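Letters A, B and C mark the chains as written, and numbering starts fresh at 1 in each.
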Amino acid sequence: MIVNEYKAGREFVGRLDYGSDLFLSLLSLVREKDIETGVVEVIGACKKSVVAIYDQDKKVYHNVALEGPLEILSCTGNISKIDGKPALHLHIVLSNHEGSAFGGHVVEGTEVFAGEFYIRELLGPTLERKRDEVTGLNLWG
Amino acid sequence: MIVNEYKAGREFVGRLDYGSDLFLSLLSLVREKDIETGVVEVIGACKKSVVAIYDQDKKVYHNVALEGPLEILSCTGNISKIDGKPALHLHIVLSNHEGSAFGGHVVEGTEVFAGEFYIRELLGPTLERKRDEVTGLNLWG
Amino acid sequence: MIVNEYKAGREFVGRLDYGSDLFLSLLSLVREKDIETGVVEVIGACKKSVVAIYDQDKKVYHNVALEGPLEILSCTGNISKIDGKPALHLHIVLSNHEGSAFGGHVVEGTEVFAGEFYIRELLGPTLERKRDEVTGLNLWG
């Protein structure tokens, strides 16, 4: 197990733009603010979404397109580094018009209808993602 | 994009009363403690729930009644202000007796069986909700 | 309602081992670090999972076995004490290969494929779980 200890950094609350891409907007913000490590939360709604699900045997993600409108019930994850740049790892839970829930790994393709985020920066050891041979994922090594 | 920076405020952990209304209890607490900005998390179980789903075309919420018992798998959101008073924006994920997940925007109607909350106050710029013409929602402007 | 106020404690970010048990690994970490009160978040993926759903009438949990692979969309909860030792209360949301979401109360039986956690310690009043007669659950009393 890897266990790092951190001190409190900056904290941000804000609103994503209508029509923006959830993942790209947050990634852009994280890089602009130069947040190396942190945690993220988002709630809101989107017009449509694409989530990725990992095939643990084949070691590839496949995308699932979810037609909207959808509520963003939960979207949580973390900020660390990959190739020396801030990277975002987010998982999302969405619901359709009947309330049924779906979700996966957040990739490009979630079009924001309304989005409210909370970002908490953590100061301490750098967490750098590298390809892990066992899982095929980019994990902290 | 709106991006505000905050400093750490008070932090609360506690238990909601059996039979109380999830949304009204938390809103009442937030107003009593005069928390202007913050984030909220809840887990627990409820006897029944009503969640709201936004119709992005018609710009109205419709309610979905979920018969219980239900586990509260996740309930996250934020505190900001509306008409000068603390307001709560929460989204919830619930599961039925088979583990299937459902959810939406939290409104009055979720009857607590057991509920454990975490509230983190943030000190900084006031976030005030106002009607947004594009979406029809009360958003930070 | 029980409402306690806390001060910020230590914060940890880390990675769970491949093949480890989600609940037992985190519980072991929490006890090793002697975290009395706090909040926890995890995202990742698992090979399979067992979640518990509470039967509010019969006052017993029943387990639902979820065959993997599954994404861990959200896993949030808290740390308090039971019988004088740190205890973990976590709820999880998972998705299958189609993105459909399921979840429940986390017990032993969720086999980690990849897991990234955030733990935030809170310093203040001890929260001790004791059997609550009304619900049959171990709640803060």
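A few notes on this one:
Note that in this section a contact is a pair of C-beta atoms (placed from the backbone, for glycine too) under 8 Å apart; a residue touches a chain by one contact, two chains touch by 3 or more.
Quick caveat: nothing in here was measured; it's all calculated off a predicted structure.
A rotation of 120 degrees, rounded to the nearest 5, superposes the Cα atoms of chain A on chain C. In a homomeric contact, the two copies may use the same or different surfaces; for chain A and chain B, under half of the interface residue numbers are shared, pointing to different surfaces.
Chain A and chain B have Cα centroids lying 21 Å from one another. Each of the following residues of chain A touches two or more other chains: 8, 74, 76, 93, 100-101.
Residues 1-8, 37, 39, 51, 53-57, 62, 64, 66, 74, 76-78, 89-93, 100-105, 122, 127, 132, 134-135, 137, 139-140 of chain A are the ones touching chain C in the complex. Residues 8, 10-18, 20, 25, 29, 33, 41, 43, 45, 47, 68-69, 71-74, 76, 93, 95-101, 113-114, 116, 118 of chain A touch chain B in their complex.
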